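Listed next: structures, encoded as structure tokens.
Each of the two complexes below includes subunit A, the first together with subunit B, the second together with subunit C.
Let's turn to the complex of A and B:
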């Protein structure tokens, strides 16, 4: 049982930042703006949260706020360049993904640090342990002993679902993505919806980064996001932007990752095991796309949609 | 009193004048038709009237007051609504959600509006509206499941919900069955009796005569003529539209009887779409030599899929296709071309031409294996250019720059380029799909003549078109598709349009059972 509990707990550790990226990213996906900068934004959140905590003792709140603000700023940069000025969103996204670790690396060089620690802060102090539930097997590691942002991410699944399907904002975002002409004709400000969609994603990435670095490790090392932003994009595409389906894909990827991590501690070929989650990703992505095309009779690149 | 009046309305795009000092007046409660060929400037004019484009100079007066629309929203606020040729609906949403888009009803939380939508109230109001105007819709249906005709009803309803007084319809009948056209005409007349003013943009003269009170003809951005409908006729309007006498209908009567040898035989063809639904069910027909076989039907009844299967873009799950007895089922498009089948695709820019490549490249596309074009894998540019030059001369393709890209061509000339390429490859059979869609009247006449000449030389043509008049005047036999099947065959010389219309709507008329 200890093994299973540990795998489940580690799954949640991995899931929280990925899930936040997914939940934020679906709005940009539905608004037909491809935001590949999730990775860079999350890393920025991680970096800034730890940097602020490192230099401002006992001001945890300030660290959270700074990470969130920086990501919103990056979101604004992305949307001004990509939506308002109609730049190529892939290139802009790529630029953000490359810029963030470069800036972080530069700052760390100036500080003569290989990684940024937060010495005054122990992650245990913010873990929320829930009585009764923490003693139940399986449920315990899933729902108890996690930092605040993990619980926020659980809540956001429902919030994002309602926002997407039950509010004007959600309907309008989907219309903008599906038939922009129709949206313009009805007098919707399509740019506004696209920008807001990108900003929701950016804000979530700020939370994701804070959870990953400050809340879990109280430490920043460069490139610590390790592709979670791209795994989130994969989950968004597999689930076609539906909050619940995308969440399921994020959970699947997180569990595989935790299982691989767990077994890599036990066996000698540990490096090989680290490949497993990524192999699973490729297999699932291929299977999902084969499934989507299973009934298709069209040849080659001609799509029916 | 004039509901709409334009004074010297002009719109320029760079050096090109799309609308030149247009003076248009529309009276209250009348149904006005604006006629003109493709590219005459009808759509530009309408776009200015409902705010999608801003005029370069001139004035628009609505109910006597000058207006300046910045967007369609201003126009709707002023009581002008537009029903577009290409639907502006959102397929994944329901009927009521589409109607309420942008003006959603919020749930109340005490005195304030909550961010949530009151779906129940929306549904109720929309169902009420549907019943008030006797439309054949259901508020909760998804738009993706609606027929094209229903989508159009929905577009009209969307405008009626917004309480517009002036309704503009852009080519409203191009996708409807003859019966649906009648329904639409009746309803438009009804609406005008209820006090609405209606503008219809169209190039179909028969419908102009049936629906309108008055008509304005536009050619090359200028108003050519204005007439009361009862004082004019189709021939006169056509003359005004084109600027010369035109043959409105060509006929195939002088080419002799169809032959008796089976050239092309399709039997039991089935396939399904990406959702797993059967879109072709047991389609069978034969084409003989010296014969044009027409396939009619309302769009979306499997014609597109049939075209895709027959031209090698999509695979058949069952059934066979034979050319002179040889099995050619599920061959690739290049293999079909080597079997001497010429293909005029449904969407000329998606499947037929590459807009950003030169005319010469496009003239040889699909036939690069010709010894004249390729030797040991190297293209002979000189011969390609020569071939292109020959086609331009022979088929009267009007372009500014022989060495330029296809993007410079108008719809009609782009289509002629495809016609030239396919007819010059010495085919034994031509599959012609929507050969005159979006093509000007002059080119239509030319393309029809090409198809007839080809037939009269003894070859076969499969003609798939949603223009019923085209099918009726060219074909020797007509098959009508409904829900993936050919539900009936008819001889266009003896069958009436009403009979074919019934078949298109899925009913087999008495005489054909």
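Let's turn to the complex of A and C:
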């Protein structure tokens, strides 16, 4: 039982940053300005949160705020270049992904640090342990003993779902993405919706980075996001931008990842085990796609691939 | 405007020529290429850089520290220094292709062959051999750190600490008691001889202590593929090891190690760091650090070059525990957290005794980086749980 609890707990550790990127990224995906800079923005959030915490003792709130602000700023840069000036969003995203670790590395070199620690702060101090629930098997590791942003991410699943499907804003974002000409004919300010969609994603990446670095490790090491932003993009594509489906894919990936990590201590060929999450992802994606195809009634240009 | 530019260009060329002729005097020049971590890292580069600077002051030579980057590869840096008339070039990065084998850009002529009068010094590996095992270039010197011996001490220390947790660390930690499980973990960045050399020495140290304690058996959890980047994943790996009953995890994986030591503090356990003295990064939770003190070989080779005795040295140089180039820390940081000082002093004395025996050659530790084969059957009390 302890093993299962530990797998579930570590799944949530992995899930939180990925899920936040997914929930933020779906709006840009739906608005047809795919944000591949999720990785870079998350890294910026991680870097700034730890940097501010490192230099401002006992001002945790400031660290959260700074990470969020910097990511919103990167979102604005992305929007201005990609939406207002109509640059290629893939290239701009790539540039941000390359720029962030370079700037972080440069600053760390100036500070003569190989990694940035936050010595005054213990991650245990912000873990929220919920009475009663923490003693229930399975539910305990999922819903108790996590830092604040993890609970925010749980809440955001619902918020993003409502925002996407139950508000005018969500409808407009989707219209802009599906048919921009129609949106213009409706009198919508398409640029505004695209920019807002990117900014939602950027803000979520700020939270993701803060969770990954400050809340879980109180430590920044360069490139620590290690591809989580791209996993998020994969989940967004798998779930086609639907908040609930994308969340499911992110959860699936996190659980297989934690299972593989757990068993890598018990069997040989742990390198092979590292492939398991990706294999599961491909298999599930193929299966889902095959089922979708069978159920789709429309064919040709109007079918949803 | 064009004229002005032309004048500026012409002038700068004159100055460039002057600079070249000025440097053509007989003063010794030593170039130093750091590893990717840069000169200001936590100790691996810094130790050697400080040795270069101290020697420069002492012997009066010119030096230049170069940090490789995406636009300046290690090979290019070495070649530029050799081209520039440096008499000796040291390279701390694990990148020897251009020096020993040549790359396309240099017409496949190895740099060591192009500049036979320049002394090249490399660390951590000995690629400077022909297929028959003979020395390839006599102007290349490979320095190896016998970290297997230091790892042995770390493993030996870990077992004695683990068996005396009640006395040493009665409060403020949450260890798995030996009545439930005996486990020790190892996390390496990549599966290579340069990483396994730590693990095998570590295992032999565990075995030695376990034997002395009447044959207690230790579960060993080695992971050799944690990478050097994903500190959050390292955190999870260490967490799994601690959860399975390990109280000590040896982190040999660069920045990923910081994620592991963070976990040691969060879970109330112990970790062992590597390369530099990082004991005070999580005081009380880092038992010791296995050191590569790059300054020691750097100084001894520079001295040999200055004195003109470098030709008498072997091209493969092993720096053992006794030379001071490898070892474990003086344990000063962790000592401050120990409750039972008498018990602790006894353990430290035992460790020092082992260090002496290794120094005198009485104990021989497997050295995987020099091609020694490791026989798992020699460590029957260390039960390897994964690969």
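Quick notes on this one:
Everything that follows uses one rule, which is that the second predicted complex is superposed on the first by the 270 of 305 C-alpha atoms of A that agree within 3 Å, B and C clash if a C-alpha of one lies under 4 Å from a C-alpha of the other, contacts with A are read in each partner's own complex, and residues count from 1 in each chain.
Criterion: contacts are C-beta pairs under 8 Å (C-beta built on N, C-alpha and C of every residue); 3 or more make two chains touch, one makes a residue touch a chain.
Everything quoted here is computed from the prediction, not taken from an experiment.
In the superposed pair of complexes, A:32 makes contact with neither subunit B nor subunit C. Touch criterion met: A:112 reaches subunit C, while subunit B stays clear of it. Legend: residue contacts after superposition of the two complexes on their common chain; A:13 is shown touching subunit C, with no touch to subunit B. More residues of subunit A are in touch with C than with the other of subunit B and subunit C. Of the two partner chains, subunit B is the only one that A:186 touches; subunit C does not reach it.
In the superposed model, A:171 makes contact with subunit B only, not with subunit C.
Put simply, subunit C touches subunit A in their complex at residues 37-38, 40-42, 191, 221, 223-225, 227, 229-233, 235-237, 239-241, 243-244, 255-256, 258-259, 262, 265-266, 281, 385-387.
By the touch criterion stated above, subunit B contacts subunit A in their complex at residues 52, 71-73, 76, 82, 84, 88-93, 97, 101-102, 104, 106, 115-117, 271-276, 308-309, 312-317, 332. Those residues of subunit A that touch subunit C in the shared complex are 2-3, 6, 10, 13-14, 109, 112-115, 117, 122-124, 212, 216-219, 221-224, 226, 258, 261-262, 264-271, 274. Of all residues in subunit A, those touching subunit B in their complex are 162, 166-169, 171-172, 174-175, 178-179, 181-182, 184-188, 292-293, 295-299, 302, 304-305.
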